[in-house]
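First subunit A sits with subunit B, and in the next complex the same chain sits with subunit C.
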Partner chain A sequence: MRPGDALFRVIVTAFAALIPLILLALLAFLVHDSWPALRFNGIEFFTRNAWNLGNQYGNPVTVRGEQVMPGASFAILFLIVGTLASSLIALLLAVPLGVGAAVFLAEAVPPRIRTYASLLVELLASVPSVVFGLWGYVVLIPFLSRHVYPHMARWLGFIPFFGPPSGSGYGLLTAGIVLALMCVPLIAANLREAIENTPQELREAGLAVGATRFEVVRKIVLPRLRLPLIGVSTLALGRALGETMAVLMISGNALNILPQNIYSPISTMASFMVSQLDSALQDPTNMAIYGIAEIGLALLLLSLLVNALARLLVPRSLSA
Partner chain B sequence: MNAGAATPTQDRGRQRRRALSSMLGWIASGLAFVLLAFALLDILHTVFVRGFAALNLQLFLTPTSGIAGGLLNAIEGSALITFGALLLAVPIGVLGGIYVSEFGREYFARAVRFIADVLVGVPSIVFGLFGYLTMVTALGWHFSLAAGCITLAMMIAPYILRTTELALRGVSGELREAGYALGASQANLVLRVLLRECAPRVLTGILLAMAISMGETAPLIYTVNWSNYYWNGHLTHESVAYLTYVIWSFINEPFSSAHALAYAAALLITLFVLLITLLARLSLSRLEVRRSS
Partner chain C sequence: MTQRSQHARRRAPRLVLLAAAGLLAVGSATAATITLNETGSSLLYPLFNLWVPAYTRAHPEVQINTASTGSGTGIAQSIEGLVQFGASDAYLSDAQMKKNPEMLNIPVAISSQMINYNLPGLNNVHLKLNGTVVAGMYDGSVRYWDDAALKKLNPGVALPHDLIVTVHRTDGSGDTFMFSQFLSFTDKTWEQKVGYGTSVNWPAVPGAIGANGNPGMVSAVKSTPYSVAYIGVSFQGQTDKDGLGEAMLQNRAGNFVMINETTVPAAAAAMVPKTPRDERISMIYAPGAESYPIINYEYVMVKSRQPNAETASEIKKFLRWAVSTEGGNSLQFLKQVNFLPLPASARALTLQQINQIH
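What follows is the complex of A and B.
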């Protein structure tokens, strides 16, 4: 190897090595800073609904070897439920919408205008989270709470969790709808590309035995794409789990309560981390910040798990 | 299925049912598309109509004061934060991308690629928390421009690495072979030939990363916070303003002047992000058409 090439190699390797270092740093510092909270909260962190900073005017007491304010407790079951429920609703809405839009774009739209028609769906991915939140706040919530949720509660009340009260519009279903819009482009774009790349012979074979064009898509093209679809949906789930600003602005920011129905206010782990920052900074023992760090650590591990799983399912696609 | 057993009438009935269900299938998929397109257009409509109504010259000439005033400090801050984040992330992403693409068969390269993919999916708020715990408090920088830039850089560097890698891999093998056959060193080949060949696609990745950092809010709340003033030149110990904060914070105020600022900020951010994304996507698709023809 020439000396110039050896140097080149060392330099690019060194820069690439910063990427694993970022991951190590995230893990190391989040574990380090949530350690006091891990010791103080124990396993109850995940099993109870009790986020309470304690009496901020009292004197700190020592519990399980950690300094906390009197009466403080940190447990986030309601955040776990809110995060998982809103993300699952988002996925239930986004997968059929994404598949439908991908089929339409790849099979029904002429190639000449396909690039532009696809933008109408795929540009949803580039709208900033906080703008989704703004739209949800000023347009979607007034519309849903006046014209949709009351009717859903009346007519769909026989389905569990769909009955009244239909709430203020801030809540689980609204968060799920907006999250679905945010992660649907990922599904639609990847699936559209995969449909376009399906070998032409397969379609022709289907048409030759007398299938309609839609039957070719439904029974030949889509079944081959089941695994990529699962992979990209997992990726979308990862997105929904960690979405912060939009959820913060439309979810109602529930504290210590579990949702009673799909209209109830919720909080997610990510949104709670922002909504609680100011009050956590007031805690003189810092235990509230350690508690937030523990939420962050849990969210990091959850997203690593979901994204690693997605990568193993779709080894060669970029989450654009 | 034995077609011979069916009478012509039954056959025609089944044909009609299949044609009908196919028609319904197309309608359903078309509706999915229309619904999503409508959502996008309604978001843009809301932001553009209310944003343009709130625009005036003062926004671009004065800083915010409380929940009124202009947006110049926020525009300046958004530009600074994005520029700083790109300044740090582009070298890491591009050089790292070269490594992953050119030494891709090594175990370490595959590990880097996998980790970069996983990091792209880590919620931005987690990066923000990391920035808060390390730079804002442990290093004592307080809420500051530097903390925000480094946090965003950590977020977008893995993204730039992956887009650069894919761009380099898209360069035809013949170009590499021709280069080596002429006796070019690897460093020369990559930097002078391959990177130039795929520069538009590398640039596209960088532009999209720029759009991502421009639209971020949550990690900045944790690392930069907010300031009503212009940047005073300090990298640490001084927070700056940025547009996305205005949207989130001012829309919750009960005054229409605050709402106007929020809509104006939303218009500026959305317009900017959308233009970058369109530029990146359309130039890329034009490029691909040219290549394939």
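What follows is the complex of A and C.
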């Protein structure tokens, strides 16, 4: 091997190694920063609804070997539920919409307009999330709380979690809808490319045996989308799980309470970290800051878990 | 644009104007030899924004940057020395003082807090509320607007049978400190179960909303019928414009009072003589027949020991101006945000504290 090649190899390897190293460094940093909280909170961190900074104007006490303010406890079940529920609703809404939009763009739109229509969808994917949040806050919440949720609660009340009270508009379903709108362009843009990559021979073969255009889409194009759909859904779910600003503006920021129905205020892990940072900075024992680092750690692990689960789904769907 | 400047613009070639503007910018940039930074309370932020342009016009050698981030950030960043002024509606706790004994809690004005609501058709009625009933709303024991306790305080008012939506601050906030202290001082159960602080463990009430900053509180109440919230008085112009209701609150003497030019000074007059030398004191639920129950000192947190003498002297100069009746404490500034100037005896204590900066 020439020296130039060897050098190139070293550089490329270093760059490649950087990515997993960053992930490891993030993990190490979060574990280090949340260590006192991990010891103080134990497993109850995930099983109870009790985020309480304690009496900030009292004097620090020692509990389980750690300095905390009197009455302090840190447990985030309600955040985990809020995060997963809002992301799940987002995905349930976004996947059919995204698939529909992709099929429409790839199959139904005349080729002349297709480029522009696709460009619009991709532009939507790059709108900053805070803009979605603002729109949700200004437009969607008043509209939904006055004209949609009361009727939903009245007519769909027989479905569990859909009954009254229909709430103030800030909450789980609103967060799910806005998150879904952020995910749809991501899904649509990726799937459209996948559809366009369907080999022309397959389509022609389908048409040759007498299938209609719709049957070609349903029986030849769509089944081939399963794999890219899982991939892009994972990406979308990752975006929904970690979304911060938009959710902060529209979720109602519930504290220590599980949603009683889909209209209830919630809070998610990412947005809670932002909203609580300021108060946490005032804790003289720093335990609140360690607690926030622990939420960060939990969110990172949750995202990794979701990604790993999606990976596990892939081979099975290939063999199906 | 005036007639004259239009003429001037037509006559003067654009390039010259641009060059002149550039020179001006450079000139003012080099004139400021010292930069001071302020961050913190969103309640104090509007006042700082009135003060800073007026002060720097007279003192071009100083540049002051302001930011509205929240009292917690103000406290934390002033302790770390990242900013020179940390604005906060709440004073530091004993534990924080023990950890950071060099911090000064310097009051610069007196503020108060409203309890607002959005009751369609009743926003022009000043509902009578007391601490126990408000604590009941926020801990979930008073769920509907026509609850017996509310009816008893407001005979003759047609209160609707609608769920109360409580709104509280999600961010760490001096307003939460004042509000939760009012509830703690008036309601034993609240004191034992929740207590007070810049962020408290809000009881789990279904439907309760968390909002960000005073602006977030105002817009949450405005957009949510049957909601109730606590909002700093510097946002009174906004709540009036949005047509929100403002409650009359029961004070320690049992009278129902609203924020005005009598009730806030009455409460201040009762509490100022009790102010200790370090000026860390709650003025909530002051005695006196006319006293408004939720008032407080607005603090600027400053480190007594500064990195150099020049910075220390500029900080002192600005703070002395801020609390003087000819400077920052004059009504031309305070009236715009509905704050009160410091009473004379409190000003004397504040000046003593300012003198400790070195």
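Simple rule for what comes next: the second predicted complex is superposed on the first by the 283 of 320 C-alpha atoms of A that agree within 3 Å, B and C clash if a C-alpha of one lies under 4 Å from a C-alpha of the other, contacts with A are read in each partner's own complex, and residues count from 1 in each chain.
The rule is simple: contacts are C-beta pairs under 8 Å (C-beta built on N, C-alpha and C of every residue); 3 or more make two chains touch, one makes a residue touch a chain.
Only a predicted model underlies this, so the values are computations on that prediction, with no experimental measurement involved.
Colleague: In the overlay, answer first, second, both or neither for which of subunit B and subunit C A:G71 touches.
Modeller: After superposition on chain A, A:G71 lies in contact with subunit C alone.
Colleague: If you stack the two complexes on chain A, which partner ends up touching A:I292: first (subunit B), second (subunit C), both, or neither?
Modeller: Touch partner of A:I292: subunit B, not subunit C.
Colleague: Of the two partners subunit B and subunit C, indicate the one touching more residues belonging to subunit A.
Modeller: B
Colleague: Does the superposition put A:L181 against subunit B (first), subunit C (second), both, or neither?
Modeller: Only subunit B; A:L181 stays clear of subunit C.
Colleague: Counting only touches as set out at the top, which of subunit B and subunit C does A:Q282 meet: first, second, both, neither?
Modeller: Touch status of A:Q282: second partner only.
Colleague: Regarding the shared-chain residue A:I159, is it in contact with subunit B (first), subunit C (second), both, or neither?
Modeller: neither
Colleague: Could you tell me if A:F8 is touching subunit B, subunit C, both of them or neither one (first, second, both, neither)?
Modeller: first
Colleague: Considering only touches as defined above, state whether A:A205 meets subunit B (first), subunit C (second), both or neither.
Modeller: neither
Colleague: With the touch criterion stated at the top, can you tell me which subunit A residues are shared between the subunit B interface and the subunit C interface?
Modeller: In subunit A, positions 137, 248-249, 277 sit in both the subunit B and subunit C interfaces.
Colleague: For subunit B, which residues are in contact with subunit A within the complex?
Modeller: Residues 18-19, 21-23, 25-26, 28-33, 35-37, 39-43, 46-47, 50, 91-92, 95-96, 98-100, 102-103, 108-109, 111-112, 114-127, 129-130, 133-134, 154, 157-158, 161-163, 166, 185-188, 190, 208, 211, 214-218, 221-222, 244, 247-248, 251, 262-263, 266, 269-270, 273-274, 277-278, 281-282, 285 of subunit B touch subunit A in their complex.
Colleague: How about subunit A: which of its residues touch subunit C in the complex?
Modeller: Touching subunit C: residues 49-53, 55-60, 69, 71, 137, 141-142, 145, 165, 167-170, 248-249, 252-257, 260, 264-265, 267, 275-282, 284-285 of subunit A.
Colleague: What does subunit C use to touch subunit A in their complex?
Modeller: Answer in residue numbers: 69-73, 75-76, 93-96, 98-99, 163, 165, 170-173, 195-202, 204-212, 219-220, 223-224, 227.
Colleague: Show me the residue ranges of subunit A that touch subunit B in the complex, using the header's touch definition.
Modeller: Answer in residue numbers: 2, 4-5, 7-9, 11-13, 15-20, 22-23, 25-26, 29-30, 33, 96-101, 103-105, 107-108, 115, 117, 119-124, 126-135, 137-139, 181, 184, 188, 212-215, 217-218, 235, 238-239, 241-245, 248-249, 270, 273-274, 277, 292-293, 296, 299-300, 303-304, 306-308, 310-311, 318-320.
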